[in-house]
């Protein structure tokens, strides 16, 4: 089964999507199988990260911003703004697809794991994800 | 089919898990299909790396330690110790899930590829993995 | 269904493989399912990146070259040449496997997404990929 969903981002940051994916798994009726999420963009990405303390996600995003700063004079791909090329790099360093086993009809994530859509652009975007659930 | 296994880590480093995963594939009876491994933690991760010369894995881990040093004064997520936030970052930069085709009942890895569980915390941990094998 | 293909690389850079993968999906006859690509090497990798402006891929590769420079005196795994250890690191930071949903018989990639094989070694190599397509 394949479903789609969209996330309206409000600029840079990690947006929780575990519930969106979990509802699709639930609706699929698959008891044991595999759930795969793809984000259809190259300037936003996916990650599985700690779902408890938001300071971990803030520190993670701030660290990646320091690793890939805007305004690098060696960037040539600048037509879409100073945050565009860093966004492509951040997406390449994180994940575009994630696959999670399904057990007893639910995502087999660890207690502290959440799935996040990571917006790397400064401006709001409508981001599309595709979810496959197989038996 | 979904199976689980645990790895008792003894601190930072890459722990080989290819044999653990291969045994699950073998027991599944799946001749051709897909094997997916998920680690249920966000301060340890997975990677496929060279299985021959251990110096490659040592250099890899040492390089990542230099990229994400402990004690960064800008980290705010410090309650769980100085190695915790670097561990989350290292996990985000590597993999939480891996999917490997199964051919003739075995993982279709390259000759020099091994699957590793990468412990990023200094203290020993019991790490849980979930493996899905589908036809 | 599992198929294989090879890419003859001519040194470092991103080589488009979307068409190779798409043809395998087409030949599989799978209308809705999941396509997984594995590269059987640890000094080359996979990524999904912007398929339009080649300057984005050039900037991405140049940035990663600066992050992981050759000639780091702390590398000990140097027997295979100065570009070998950086290649393993670059592979660990990007992807060895990618899974993409299949919808109406085609890869459900975004408009601007392409699949690339990323050669990290300086010399030409014959790189092998394994593709699984499941229903």
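Read from first to last, the chains carry the letters A, B and C; within each, the first residue is number 1.
As a convention for this text, a residue touches a chain if its C-beta (ideal position, glycine included) is under 8 Å from a C-beta of that chain, and two chains touch if they have at least 3 such contacts.
No experiment lies behind these values; they were computed from the predicted model shown.
Taken over every residue number at the interface, the positions common to chain A and chain C amount to under half, indicating a different-residue contact. The two copies, chain A and chain B, are related by a rotation of 120°, based on C-alpha atoms and rounded to the nearest 5. Computed centre separation for the pair chain A/chain C is 20 angstrom, with centres defined by C-alpha atoms.
Counting only residues that touch two or more partner chains, chain C has 34, 67, 93, 95, 99, 134.
Within the complex formed with chain A, the residues of chain C that make contact are 32-34, 47-50, 53, 55-56, 58-60, 62-64, 66-67, 93-95, 98-103, 108-113, 134-135. For chain B in complex with chain A, the residues that touch the partner chain are 1-2, 34, 36, 38-42, 67-68, 72, 74-77, 79, 85, 88-89, 91-93, 95-97, 99, 128, 130-132, 134.
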